[in-house]
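Read from first to last, the chains carry the letters A, B, C and D; within each, the first residue is number 1.
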Amino acid sequence: MTLLLQFLFSGLTTGSVYALVGIGFNIVYNSTSIINLAQGEFVVIGGLMMWFFLEGMQLPFTVSLSLTLLTAALIGLLMERLTIKPLLKKGDLLLMIMVTIAISILIRGILMFKFGKDPYTYPPFTEGEPINFYGAIITQQTLWVIGITAVCIVLLYLFFNKTMIGRAMKACSLDVRAARLMGINVSNIVMLSFIISAVIGAIGGIAITPISLMEYDKGAMLSVKGFCAAIMGGLGRSRGAVAGGFTLGILESLTAGYIHSGFKDAVALLIMLFILFVRPAGMFGKAEILKLRKF
Amino acid sequence: MILDIKNISKSFGGIRALKDINFSVKKGEIHALIGPNGAGKTTLMNIISGVEKMDSGDILFKGMSIKALPPYKRALMGLARTFQNLEIFGNLTILENIIAGMYLKNQRGFLSSGLMIKGINKDIIEKSSSIIEYINLSHRKEEIAKNLPVGEQRLLEIGRALATEPELILLDEPAAGLNTRETKNLSHLIQKIRDEKGITILIVEHDMELVMGISDMITVLNFGEVIAEGEPLMIQKNPQVISAYLGED
Amino acid sequence: MRKIGRLLLFLLIFTALIFFSSTNSFCKEPYNIGAIFSVTGPASFLGEPEKNTVLMLVEQINKAGGINGHPLKVIIEDSKSDETQAVLAAKKLLEKDKVLAIIGPSTTGESMALVPIMTQAQTLLISAAAGANITQPVKERYWIFKTAQYDTSAVEAIYTYMKKQGINKVGIITITTGFGDAGRKALIEMAPKFGISIVADERYGPKDTDMTTQLVKIKSAGAQAVINWSVGPGQVIVTKNWHALKMGIPLYQSHGWGSKKNLELAGKAAEGVIAPLGRLVVWEKLPDKHPQKPILKKYVTEYEARYKSEPGTFGGHAYDALMMVVEALKNVGPDKKKIRDYIETKIKKWPGTGGIFNMSPNDHCGLDMTAFEMVIVKNGDWEILK
Amino acid sequence: MTKGNAIAVLILGILIILFPQVTSDNYILTIGIFVGINALVAIGLTILMGYAGQISLGQAGFYGIGAYMSAILSMNFGLPVLFSIIASIIIASLTAVIIAIPSLRLKGHYLAVATLGFGEIIHIILNEWGPGGPSGFGDIPSFNILGYHLSSTVEYFYLIWLCIIFVMIFSLNLIHSMTGKALRAIHDSEIAAVTLGINITKLKIKVFVLSAAYASLAGALYAHYVTFLSPSGFSLFYSVLVLMMVVIGGMTNIWGAIAGALIITILPEVLRGFKEFDILVYGMILTLSLLFMRKGIVPLVVETYKKWTLR
């Protein structure tokens, strides 16, 4: 029982980051139908920039945090304006996906140039002893990661359902033409979606770095895992990505715990494939939604 | 009878799009399917060609049940169709579109294709060219299909259907987006196909002038049900049909 | 007519290729040595200090008048931690730069990929990687040497120390890369010889973020100690997880642990971690009469002054490899075969950064477990265990 | 095959024969060999993506199966290299059939992620069960036929480009045949294709298998050339690289595969001069070329040339 609990918490921690990356995928996907494979890079940007402001420049925590999020937002904005916007009119989705891969390589190059190849870390948000929860040992940072993920999910839910801009974004994801007719500036919505997804990725990076360290080339793996999470939950469904992310994290942890750690990635992939073949709309999605999507 | 529709029903998410549809198409006739928007005409076309599945009922083509067959096998049996929202092969030329249509009667294995044991021979090109002439698109032969105006794209779809050498063609709103002159040409072409090639035609169309002008038999659908069936003159006088078209609107 | 366009494209690219690849400088009779390191890619933590070390040494040697008056020229190629790239780099060095010998590559896989090429080209390779099969079987590795200590020696050092501590049951956790895999094999193979049983055998990927699950499994399997075999961020994450879980059993790391950076990153969590380390890391704590001390002092202080970072044991492997070649060149001149023979027969009791080398026709590495000291982390610093 | 393509193949052949005569530099020839190996994989993916409209992020898996199977069969079972290569192609093709049947029902992103999943599973299998595990294994016999060992780089260069000539002829024939028309029809409209009597499922599977066969041939040739294999070369990264070749070269033209392979393989070599910056410059070039040469190089060149002659 203690073992299981420990595995679950371990899974929740990794799952949190997958979920945040998965949500980022969905936000961009909903507004553009693009899979932004540079999504994982924002996690790295979050971790490394946070280190830069916090440890490198010795700024206070809140200042560092805001500056990091601002940087991520700016990079998301630049990425959309410089590369996605000019291509979006042409509507070649494959090309746009390739562009996001190229950009992820570019970002990696810039990060390596700036930070070198070493991993970085900074102290956990709160110092203190790990918590003993029915025999399972949980560090405070783990709780921070899970908590921050939960807060992000709630805030996003409120944003998309209670604010004007959020509703406009939602409308856009359902029917771009109708949204345009309603007077929504679709171009700005696309830009906003890139900014939000960048910020969410960065938040994940900021939270996880004290636990898992951060180095310039961690993004590719996170992109793949986050993508899997998004697919498992059904592309385009943010709550699905959350469930997908946590499921993926917990599955990996349970496989490592009960089967064999060498197979943890394989088992996660197999389950993802199974979901794809049996329910391509994701664990909770409806098949009809799929038909509305062009790609 | 070349086509028998038996008790076909279909619902989408709880809404019944088709309720217990029954009718038959006689060989060599031009049979029209009409009805107001949302009557379920295109759904029925999709079900007959096998692109969509039905909930219950049966389809007999040349006396055989085809309900379990995938669309490409129905095509093999001699069933061809066109699409309301144009499904031409946009990046291929007109000639290539027609050649693709001839694939059915000229299939080649992968290996023999790659080793060029049997390529696209003169015979195929000649046959395709004659089809293009038949649909009056010879002047456009080498053009990329997506650059054609809508009217010519509709003709191309008909030509492509002809290339499969079918016995029955389903035409799904072939006159949509055409001007009067083009519509007139279309009606001539449809009659020519029936008269010269002896191909049966099931046509879904909104243009009443066209329908009344060429059809031998008309079936009227409203809210997923057959409300009338008969020759054009009879249908024009049918009060139920008149109210369906004028009534609620 | 479109083929002319294609042809032009082909020609354009080929000429561009030829143009770019023929940028040789025209020194007066320099000795050309090749170096292939994983400067970028997953193994860049190895390649970076190796590259820096070589750059520094070349500058020093040439400032001091070169080798018997000949300037030394080392052409450094980045293998991007990829075997195909390593092969290409080796071909370039052999064919274009006509090098007398190659040092590197940084990883076992890349080194293995070069074995047939070097053998065919009859040119010396001194690898900076650890894998035993780089130099074994020696008969088939006539032209191949290496300066990194064997994994097996590190395992031997750990197991010997463990026996003294009365540890019989261990759980191992290894990274799924060539380094971790080689370590894992050595750990499993040598355990019976020491009467040690491996009760848990766990693994993790190079980019994994949390190893709690694996460690908990090791604990629950009844292990008396954990051995982690990896390089890179993985060893810090394991250390942090181990510390957070308060496992109550000691954590041993591989010889890849020897970097101050790891102590910084792991912070308090690293206290009590034990590892077999080359003397490079702990040179300050060596007795003055130790034959390696002067070399280590010079190398480490100069490196740190120049690059504002520590060379680590990996930089040392490149140091040893280059210095061996330089010594051979000094004594036998630019003759590939003679260079090889010199290294095989004349490198005896040769103090390097990695240990005291004793090359022989049966051993192309020349180091054993005495190259290591068992080191524990105390108060954020190393301390040699007796 | 059209006349233009026939002439292009002829020119390629002449270039291949002449190339080693012009440069005796083994380094450049070695690059040529790797360009060829990558081109083989890229040709398969071009047919799959550009002609049949199906995306795959799992080509590295087939590339890996080809390499590992051929190496294992020739090393451990003593099969002559030629047969081990053929056997490895058959094994990869069978695997492709098994993967294709469920995967090809999916579209777009879903197909991409499914093939990605399979590719990565193969990578994990190589990591866990492949000889030597993650460290890899060496001493694979080099290519030999009837007792004659190909030892020099020139011979290998010829061998690999000879394979490409054959593959190109086969592929060009295929795409200009009835089957090729059917494939392009599937690309433009699946629904129309199926109502024309084209069994799209079967055709898609066949093309998928063909692309796997090309990739496995490339893998086998790689294995017997480098004579050392480790799983790291067969990860998702390689699949993405091949995808990049196809897109940059231009996926609507099969020659694009060779152009793309040429550029992507040579680029890092050219960028060696940039040392640390190379990944930065590499990313920059990729991004810019995707932004400004959307259709890919070969179609762009062909179009520009056509426009130019029309004037």
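Going forward, a contact is a pair of C-beta atoms (placed from the backbone, for glycine too) under 8 Å apart; a residue touches a chain by one contact, two chains touch by 3 or more.
The shown structure was predicted, so the numbers you read here are calculated from the model rather than taken from an experiment.
Colleague: Give me the set of chains touching chain B intersected with the set touching chain C.
Modeller: Both-contact set = D.
Colleague: How many Å are there between the centre of chain B and the centre of chain D, using C-alpha atoms for each centre?
Modeller: So the centroids are 41 Å from each other.
Colleague: In whole angstrom, what separates the CA-based centres of chain C and chain D?
Modeller: 34
Colleague: Indicate the whole-number Å distance between the mean C-alpha point of chain A and the mean C-alpha point of chain B.
Modeller: 47
Colleague: Would you give the residues of chain D that are in contact with at least 2 other chains, written as numbers and ranges?
Modeller: Touching at least two other chains: 127, 276, 279.
Colleague: Would you please write down the residue numbers of chain A that are in contact with two or more other chains?
Modeller: Only 112, 220, 262, 265 qualify.
Colleague: By the touch rule stated above, which residues of chain C touch at least two different other chains?
Modeller: Each of 40, 176 in chain C touches at least two other chains.
Colleague: By the document's touch rule, what are all the touching chain pairs in this structure?
Modeller: The set of touching chain pairs is A-C, A-D, B-D, C-D.
Colleague: Any idea which chain C residues touch chain D in the complex?
Modeller: 1-10, 13-14, 16-18, 20-21, 23, 39-40, 77-78, 80-85, 87-88, 91-92, 94-96, 108-109, 112-113, 115-116, 120, 131, 133, 140, 176-178, 180-182, 185
Colleague: Spell out the part of chain C that touches chain A in their complex, as residue ranges.
Modeller: 40, 42, 44-45, 48, 176, 202-205, 207-210, 212-214, 216-217, 220, 232-233, 236-237, 240, 244-246, 261, 265, 267
Colleague: Could you please specify the touching residues of chain D with respect to chain A in the complex?
Modeller: Interface residues on the chain D side: 49, 55, 102, 105-110, 112-114, 116-118, 120-121, 124-125, 127-128, 236-237, 240, 243-244, 247, 276-277, 279-284, 286-287, 290-291, 294.
Colleague: With touch defined as at the start, can you tell me which chain A residues reach chain D in the complex?
Modeller: Interface residues on chain A, with respect to chain D: 35, 83, 86-87, 90, 92-95, 97-99, 101-110, 112-113, 220, 224, 227-228, 231, 235, 262-263, 265-266, 269-270, 272-273, 276-277, 280, 293-295.
Colleague: Any idea which chain A residues touch chain C in the complex?
Modeller: 3, 6-7, 9-11, 13-14, 17, 112, 116-121, 123, 130, 137, 139, 208, 211-213, 215, 217-218, 220-222, 253, 256-257, 260-262, 265
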